[in-house]
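Two complexes follow with subunit A in common, the first pairing it with subunit B and the second with subunit C.
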Partner chain A sequence: MSGWLALLPEFIMTAGLCAVLVADLFLPSERKSWLSPLALLFTALTLVALWSLKPGLAFGQAFMADGMGIYLKTIILLSLGIVIFSAWDFEKVWARPQGEYLFLMMSAALGMMFISSGTELVLLYVGLELATFPLVLLTAYRPADAKSAEGGLKYLMIAALGSAILLFGFSLIYAVTGVTQAVQLAAQVAKGGSPLVMAGMVCVVAGIGFKVALTPFHMWAPDAYEGAPTPVTAFLSVASKTAGFALALRLLAGAMPGLRPQWAQAMAILSALAMCLGNFAAIPQTNLKRLMAYSSIAQAGYIVMGLVAFDTIGLSSLLYYLAAYLFTNLGAFAVIMAVERFTGSSELSAYTGLAQRSPRLALGLLLALLSLAGIPPLAGFAAKFYLFAAAYGQGYGWLVIIGVLNSALSLYYYLRVIRVMYILPPEPNAPAIPKMPWALAVAMLICMAGILVLGAYPGPFVDMARAALVP
Partner chain B sequence: MTLTLTHYLLASTVLFGVGIYGAFSRRNAIGLLLAIELIMLAVALNFTAASNFLGTAGGQVFAVFVITVAAAEAAVGLALIIAIYRNQKDVDLDKLTLLKW
Partner chain C sequence: MMTTVSFYLLSALAVVSALFLVTTRNLLHAVLALAVASLAVAGVMLTLNAEFLALVLILVYVGAVVVLGVFAVMLTGHFKKPTLPSSNELKIIAVVVSLALVTLLGGVILGQPAVTGLKEVSLDTVGKLLLTDYVLPFELVSIVLLAALVGSIVIARGKED
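Right, the complex of A and B next:
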């Protein structure tokens, strides 16, 4: 009985997405605006259940609601909540049904919650696909827009290829060990790596690379980010990345700690490649969503450093970075959504003179971009500092040097956006930006508060991340 | 000659290789989907064979899940391909170039 209790947050989320679907069916079209509060209510209930939960196991040993799972699920649910706030009237702005959008978002979040707590390969795989398919459908949510459909198709093809390779890795590992449960697997792997297990591990590392969009497996990210409706892009960039790292933590740190020297080496190389390619490719971009896609590839490169370091400091700074990244990226996307709502564009040219047209929006994007670049005293700085320190402490000095150089490089294209907003004068016929809708303002305020608080007082949050690692 | 697990693993690795080759050389979206299905088949073969030789049922359960999810994946993929075909009258991936760099 106690086992089922560990699943309570997932049950509430399932009830919530069913409730949204049924309500969507029966609500008359002028009452559809009730759907967002309904989805938000269930997200909040799930969070409450999550935090009042005692850690426990369910489904035999397939599902483990430990501190790390609860921490990761909190990030996923917070990003779901903030995205629901920032796209409160999705139907009005993006001209597609609100109910299905919320239903698919919540299904994806449910899949990610299962990944965060999955300690069994089958559950991890099913959770992964439960998270991916709704996101693919959401990316292609505006089929009349050729970019959206194309982005969705590319995302599906590459994600499917990625999970097929991941699965092949699982099957090779299973063929040698005969177990699929993480703890048993760790014991089996520790006995010594046979060539088949090594080949399986390579496939697993590649599959994780696809999920968190590390170079050279990142090809889907720019297309999916640009094609998707902006709220979906925001969710994709934060929650999907968090789920990808949850998968990496569960598989590499949880099930194969014995092969750490091998996978850490592979991950360090992928991290260096992702930082370099992400930052260089972001420089010539003229669309802000695409720029954020390349920036998020580079960010994934930084975050992987924590996994490479693999000690308490490394893993806890990875978790802390995910929290900082949540507020920073969602803050940036809240501004992108606001500008897109009034100008209909996410091209950089829509941002000329934004500081004079809407000082608040410009300030919000300024804070978020500076935090992404890692400028003190914002959240991104503290997070990056801890990550670099952890990687250096484990003897990855060369990786830290590449990371620091890349941070400097990333400042170049973030400052380019800031220059367009603050230095260039607004064009005479630029569309006016009226007052923001209240829900979007709430989302932005939460994100800005997060960026400032996590940056100024990192201590308690780092302690929280460290406490999450204790099983 | 008796069939051992190695034979099955070799066969599935060949299937996997064909699938990967197809995924990188096929320009037609449906062809790419088929190539990915081939990899999924290699995975299912590995799991069932290993399950049989190791005497644990877990692999067969996994294979059932793989086949089910592969069906869902094909459904989502074909739905998207139809949506794109309605717009562009073509499903050649080389011609889907709205999003580049």
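Right, the complex of A and C next:
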């Protein structure tokens, strides 16, 4: 029975999503505002359970609540909590049911939690489906809006293709090794990779590429990001990406360390492609959500460098980057949500003269974008610095050069947004931006604090990431 | 001998009906071809002694997916005339890519030494495994289904209320 204790956070999350669904059924419509606190309460309880947990195994070795799992789950749950905060009154803003929205967000988070701790192929696959399905449905959550329907459909098709390729890879690997558990798989693979295992590994790399939106598997991202309700986009860009890297860590680093030279080579090429395409394609964008989609493709390219380096420095920088990325991206999306709430648009033109219309929002977006570009002393700089150092240390100098050039390039389009906000005068008939609702302000403040603290004192957080890697 | 012959016959049927599925211009014919292809693949599984897989294929593909497809085609009224475009601009690229993939994977699989000593997996074993070693993913699937159900109802209800 002791193994079950390792699953306590997952059980609480399951109870939470059922509670939200049932409460939604019985609450009268004027009390629906109780749903967000309820979801937040269960998210907080899950976090407490997660942190008070001793690392442990459950179900043989299928589920491993180790340091890395706890670290990744913390990021996923924090992003769930911050997004719930920033879309406290989802129903009022988006005119779509709140209860099902919270339920779907929490089920996606549950799937991501299982990916973070899963060390067995079947469990990882089911977790991946649970993490993807609700997000597809949430992307198409406003079927009356053609963009939402289009984004949802594209996401569905391409996510299904990605799952199929991943599953095909699993079946090839299983056909040769006959095992599905990561530990046994690692031992089998170390004996010498047969060509069939190599083919399986290529499929697995492609499947991960779909999940984290690496070029050339990124096609779904811009449409899904633009079409989804903005809180969903925020969750998609942070939590879903974290889960994708969790999948990569469990499958490539955990189950196939013996094939590292091969998959590192493949991942290095995907990383270079994602950085170049993401940054170049972001330049002409005029919609901020679409711009963030391409920016997140490029960011995924940077993060993969940690996996390519594959030593303690590389993997801990990857984990640290995910934490920095959490606060930075959610901060940017909190501002996008606030502007969208009052102007009804996420086009760049809605941001003209934002510095005069709402200095706080403009400052928030300024910090987040500079952190994404990697300007010191913000979180993004420290994170990028460690990643580049790790990749260089493992002899991937060419990748670091591409990364540095791309960082410079990305500054161009981030600065373009900043120019629109700070240099251009506001249009005379621009909609006014009143005071922000308190919950959104709290979400934004948490993110800004995260960006500044992680950037100014990276030491303790890097140590935390390193400690998470000790099995 | 009998098994070998039926294996090749069923495989040929599966390939032919799959080709018909992607080339026909009538949506209803395509759905029916999917039924034939799934049945043929299920037959192939039976000749390989994988009863459980064959049953699941018939149950899920023929029983659920194809019926759903027929409903969708009938309800949207796309069965009267050929509605699919007659040509695909990417046809040549598609042929080249799939041939390359088949050659590559086929080469790898044929180069692999034959797997021997495989045990026949009975329904009994599958059931026991699902409720012992694989009980966690098995239970997790129920939440996947619940989420899919809730989400699709919300979207199908449609109107912004």
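The rule is short, and it goes like this: the second predicted complex is superposed on the first by the 471 of 471 C-alpha atoms of A that agree within 3 Å, B and C clash if a C-alpha of one lies under 4 Å from a C-alpha of the other, contacts with A are read in each partner's own complex, and residues count from 1 in each chain.
Keep this in mind: contacts are C-beta pairs under 8 Å (C-beta built on N, C-alpha and C of every residue); 3 or more make two chains touch, one makes a residue touch a chain.
Predicted, not measured: the structure shown is a model, and the values here were computed from it.
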Which of subunit B and subunit C A:I269 touches, first, second, both or neither: neither
Partner chain in contact with A:F103 - subunit B first, subunit C second, else both or neither: second
Partner chain(s) touched by A:T14 [first = subunit B, second = subunit C, both, neither]: second
Partner chain in contact with A:A439 - subunit B first, subunit C second, else both or neither: neither
First (subunit B), second (subunit C), both or neither touched by A:P143: both
Partner chain in contact with A:E226 - subunit B first, subunit C second, else both or neither: first
Touched partner set for A:G60, first subunit B, second subunit C, both or neither: second
Subunit B versus subunit C as contact partner of A:P195, first or second or both or neither: second
Touching partner for A:V126 - first (subunit B), second (subunit C), both, neither: both
Shared contact residues on subunit A - subunit B and subunit C: 122, 125-126, 129, 133, 137, 140, 143-144, 152, 175, 196
Residues of subunit B that touch subunit A when the two form their complex: 5, 9, 12, 16, 19-20, 23, 29, 32-33, 36, 39-40, 42-43, 46-47, 49-50, 54, 56, 58-59, 61-62, 65-66, 69, 72-73, 76-77, 80-81, 83-84, 86-88, 93, 96, 98-99, 101
Residue ranges of subunit A in contact with subunit C within the complex: 14, 17, 21, 58-60, 62-63, 95-97, 100, 103-104, 107-108, 110-111, 114, 120, 122-123, 125-127, 129-130, 133-134, 137-138, 140-144, 152, 175-176, 194-196, 198-199
Residue ranges of subunit C touching subunit A (in the complex, touch as defined): 104-105, 108-109, 111-112, 115, 133-137, 140-141, 143-144, 146-148, 150-152, 154-155, 158-161
Interfacial residue positions of subunit A with respect to subunit B in the complex: 121-122, 125-126, 129, 133, 136-137, 140, 143-144, 146-147, 149-154, 156-157, 160-161, 164-165, 167-168, 170-172, 174-175, 178-180, 196, 222-223, 226-227, 281, 284
